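In the part that follows, the structures are each spelled out as structure tokens.
Look for chain A in each of the two complexes below; its partner is chain B in the first and chain C in the second.
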Partner chain A sequence: MESNIADKAVPAAPGGPPPDWLGRQWWGLRRNLVAKIATLPMVFTALVVFLGGTLWSIFYSFTKSKSLPVEKFVGFAQYERLFNTKRWIVSLENIAIFGICSLVFSLVIGFLLAALLDQKIRFENTFRTIFLYPFALSFIITGLVWQWILNPEFGIQQVVRSFGFEEFVFNPLRDPEIVIYGVLIAGLWQGSGLVMVLMLAGLRGIEEDIWKAARVDGIPAWKTYLIIVIPMMRPVFVTTLVLIAAGIVKVFDLVVAQTAGGPGIASEVPAKYVYDYLFARGNLGQGLAASTVMLLSVLVVLIPWMYLEFGSRRQQKHG
Partner chain B sequence: MAEGALAGFAPGPLGPRPKRPFAPKTIMLYGVLVVAALYYLMPLYVMVATSLKGMPEIRLGNIFAPPLEITFAPWVKAWDSACTGLYCEGLKVGFWNSVKILVPGVIISIAIASVSGYALSYWRFRGSEVFFTILLFGAFIPYQVLIYPIVILLRELGMFGSLPGITLVHTIFGMPILTLLFRNYFASIPVELFKAARVDGAAFWGIFLKIMVPMSLPIFVVATIIQVTGIWNDFLFGVIYAGTKNFPMTVQLNNIVNSTQGVKEYNVNMAATILTGLVPLVVYFVSGKLFVRGMAAGAVKG
Partner chain C sequence: MINKKQITALVASAMAFGGAAQAADVEVTHWWTSGGEAAAVKVFADSFNALGGGDRWIDGAIAGSGGVARPIIASRITGGDPMGATQLNHGRQAEDFIEAGLMLELTDVAQRENWKGFVRPSGLYDSCDYDGKIFCVPVNIHSWQWMWISLPAFQKAGVPAPKDWHEFVAAAPALRNAGIVPLALGNQSWQYGGMFDVLLVGLGGIDTWKRINIDRDADFARGSKMREVWQAFGDARELSVGSNVSEWNEATNLVITHKAGAQIMGDWAQGEFSVAGYTAGNEYDCLPGLGINEVLSTGGDAFYFPATGDADLVRAQKKMASMMVSKDVQVGFNLAKGSLPIRGDVDLSAANLCMKKGLKILDNLDNVIPSGDQLLTQDTLGQMGDLIAEFWEDTSITPAEAQERWADILASAE
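This part shows the complex of A and B:
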């Protein structure tokens, strides 16, 4: 539905040649001058900040800049050093575990909650409000409250022990092996509500007739979801996937608040690596090389998605 | 006729079977939902309960126990005198800094993005779609790629470590999603209105202010919700660009809770955490469906 609105904007002149206010002709330049001036901030943001900034960062990732940018090129030396740094490797492993688990779990949890809410239940609004409210809170708050809940001396571990299970161990934030899963629990609590909302919107977009047809054919509900509804919701899943993936790369505040990257370097993530090298350690070349790797990993996800998007648009127009 | 139609069906009542209120399936359904809801509410409850206890009670009891003796002293301390590592003036400093960042940030970013969205849907010019595509790509660039170039940009402008600087940063990073939001909304307004206004001699600003803005109040509310929660919850930009004396509330909160000096006062920490979350929570509960719409729009289109 949303994409209809977007498409409507594109064919500005339905039938016939474009009227002159569209500014297709060069003599229209003067008449559109106000509009052009009004979009200058946008053009500035797009060209100078986003495009220019990205190129700047890539450019200086090939230099040996320390606390100030200098044009002394060292080829791929920063990248070599990056992938020989244990902290970066740990960061990559963490973000891979965190990313795959958040993708899988938030999709599963989000879809299940949405499917439950879609059963024409009472208090639907109340439930939805409860599942989504963590999303209104910042990662800092999320990290701090889960740091407290997972606190070994007072939190869940202590509560279970006080019930008589003296040997019970659940101390993810102090255990380097599993600390990233402690962060994951907090991340899922914060973000799964949004996935639920997106999935619910997708489910509501499935026409009632399809359900009726499936019921007439005697297909059980779970099977209808699995073989009819979920395949029909493919665009929603793809969009959600891209969104979660784009969010995962940005994970920074959550780790800063919950574990500060510790114990040791066990819960470091790439975004924090970049931040620390740029601002705390004054090693621009190294930080920018790391950020360029982050950008590349985003493009690996983004470009296939863009192809999918444009591909399906074209199909819609022909159909 | 009616009989003939009925004959096609198995004998029995028409229409769906009336739901029994306490069928096992229903109980299961609500059971799962209630357990899930309790899980999502648990951290909020723990925050509130902890913030109302005294430290001796926290050391003895467990985090899920309701407070026996309710005390508001942690709240007062969190607001007024908690230490951030540098000084002990509490969260109120951060709160007012956040307000000072929030108000201009929201107004300026929405003003610029709405005009851009309007121009993109009605006053397109050669290249405008290219700029817009680059802008949308920008929404996916990891912030880490852009933070340093922006530091240099702000230094050149003499705005690094100042309130105008951080406002500009929020305007820049809010631009992709807000522009998209406004562009799509304006495009859904019948183009005849625009044409009629043109015939009547209205120009760029006239049409925007007299036709587009009054017709688009809901989308302005949605945009405000996105920006208020986004800017209030921001940590990264605040810590880099705002400068030490303008640190927003999230940064102050993190400094209070994760400062290594002194004895940890968990009740004060939790009171401070709730205080910081209050603004987005109020926005969330008051705006209800509009928040959902904003987040979904922001998410789907981001």
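This part shows the complex of A and C:
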């Protein structure tokens, strides 16, 4: 009803100038036109590739598609099978262990390294390069390098034994109980350098005056870090968290290169399950069901976080 | 390698397609990268390049096993970037591609050269036949059901070389005492999986195999015959403790260097013994079907030719298909590969002891089983493979438990 009143309020006179609202909309479209055109490819990509691909995946996860997609619906059968499969359960356990450990350890290691580098030490550039260098290697190379380092015949075990400790045993990649930690070591080695650099940038963003003030108040350095500096670095932590989390969900090539999911199925991860069923075993339905569960588990973590992060900020602005 | 008549025929057929035909580069993907395999591929490549006409074999070897290569090949075909020719296993995946019209039909070549008449066993021809049309070229007969034995290892242990699996298990403690790992095995899931299938058909015979793979009889899978197979697989798990290698040829090398007593592996392992300069019967021996049920599978390798719509490429693809089954190329290729030729009318006087054992088994069609790839889906085989890998590495799972879960997978197979 209100819109009717509004229409009457602005009668469109034939032959006259275009109504005011039309002009405003046109001007709104014209503003930053170049920027809008420039974002079109990304908007298109996001809609068609990301959103479209996601919907397509979810749709076909309810079918009995084999190598090629078919529209024969089977309800939740693919999901039932998925959660009755030992390998999928093992994959979920592994990603949970890998995820929590790599989140905690890479943050702790990265922050400690950054704090140490921040002590105005000599050769800071050299150390920074050394710590960051593993990040320049792909996961495939990282996996292969650590496969060799952890190989009992010529890796760490052999080196320690050659020092005289004949009984020393360190063979994580052949032990189903701890193999995922062998993968974790490689992941941390690769990823901690990046966290360190981000943290270092954050630390450098803290004004010198704050340190001086803390020193005047007689607060010890570790306490200054914990209580003042870290809360001030919140945006850096959020960025780092997102980067690490994205790395965890898609961990795949590291496992493929380092252990191929073995021994047995002990180091399988969800992404590898999806890949195997999509490409090697010709069961699209099962692979897409698994990938949908992966998406859901990401959303379960992401949505409450986004709600807290962005929801509260908006309230602050309005308040 | 190719006789003159065939060259004339090929030139004539090339002309028939039109004088303006242009030479084509045919990219061929395959996963043959070990010593003997690479030598075999070279026979194909050289023969094809020698056919003339300017067509060239562009080698697209993919390092790693079929498990690595198949997804790459499949995604290139489905993704619209097909190669000229590719090694691919027969099976449901290939059928899906054919159904979708992604593969080149070779019926005209097959009929002109009468492949149906000479391909042996006929099952190899039938697996390329889809609704009466031919879509692939069988190139060899590979069999998994072999146990390779190091004779010096048994001499060192002071026990006679075993004549079958049961004698082998009985001799294992003597091998252990002599510091020899009884059973060599690479720690990769396709290797345990293959060994399991060999134990199944070797101990259970062809009937057991049919009850599982054709009838999909889950009750039978829970029964006593399969219990025996799973028990033997559990024994194998213990006998291979200490075999810390991953590739199949590294495991074969343990047998070659007499550090291990035996290995269960397909006939391609024999290529490694020949590269080492060994002779069957002197340094090593072979037990087809574990010496109990002497049967061989005849799955083999086949080449498929993706459809591209490029007339010149199609001409070159058909030329290559014809070259692969021709008599001389078959002999040269299979001698290098250690496998058996797909036609019976070739000269194999150069065959060794084990190859002759194999040929003798193939003479009786009752001893021939089709490859498992042709019956159960990759999906089902994959689930069974996961279970077998899990069982192999987790000694807390008993053979009985694994058998029960294995039967469940079979019961749910489509």
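Brief remarks on what is shown
Criterion: the second predicted complex is superposed on the first by the 260 of 319 C-alpha atoms of A that agree within 3 Å, B and C clash if a C-alpha of one lies under 4 Å from a C-alpha of the other, contacts with A are read in each partner's own complex, and residues count from 1 in each chain.
Operating definition for what follows: a contact is a pair of C-beta atoms (placed from the backbone, for glycine too) under 8 Å apart; a residue touches a chain by one contact, two chains touch by 3 or more.
The model shown is predicted, which means the values in this text are computed figures rather than measured ones.
By the touch criterion stated above, A:A280 is placed in contact with chain C alone, chain B being left untouched.
In the superposition on chain A, contact is made by A:L137 with chain B only, not with chain C.
In the superposed model, A:P152 lies in contact with chain C only, and not with chain B. Of the two partner chains placed by superposition, chain B and chain C are both touched by A:A260.
Of the two partner chains placed by the overlay, only chain B lies in contact with A:K250; chain C stays clear of it.
In the superposed model, B is the one of chain B and chain C that contacts more residues of chain A.
Once the two complexes are overlaid on chain A, the chain A residues touched by chain B in the first and by chain C in the second are 260, 275, 279.
The touching residues of chain C, counted against chain A in their complex, run 67, 70-71, 74-75, 78, 92-93, 96-97, 99-100, 187-189, 244, 377-379, 381-383, 386-387, 389-394, 412. On chain A, the positions that touch chain B within their shared complex are 2, 5-6, 8-9, 12, 21-24, 28-29, 32, 34-36, 38-39, 41-43, 45-54, 56-57, 69, 113, 116-117, 119, 121, 125, 127-141, 144-149, 151, 154-156, 158-159, 162, 189, 193-194, 197-198, 201, 239, 243, 246, 249-250, 252-253, 256-257, 260, 270-271, 274-275, 278-279, 284, 287-288, 290-292, 294-295, 298, 302.
Those residues of chain B lying in contact with chain A across their complex are 29-30, 32-33, 36-37, 39-44, 46-47, 50, 58-59, 62-64, 112-113, 115-116, 118-121, 123-126, 128, 131-132, 134-135, 137-150, 152-153, 171-172, 175, 179, 183-185, 187-188, 191, 198, 203-205, 229, 232-236, 240, 250, 253-254, 257-258, 266, 269-270, 273, 276-277, 280-281, 283-285, 288, 291-292, 295-297, 299-302.
Chain A contributes residues 66-68, 81, 85-87, 152-153, 174, 176, 260-266, 275-277, 279-283, 286 to its touches with chain C in the complex.
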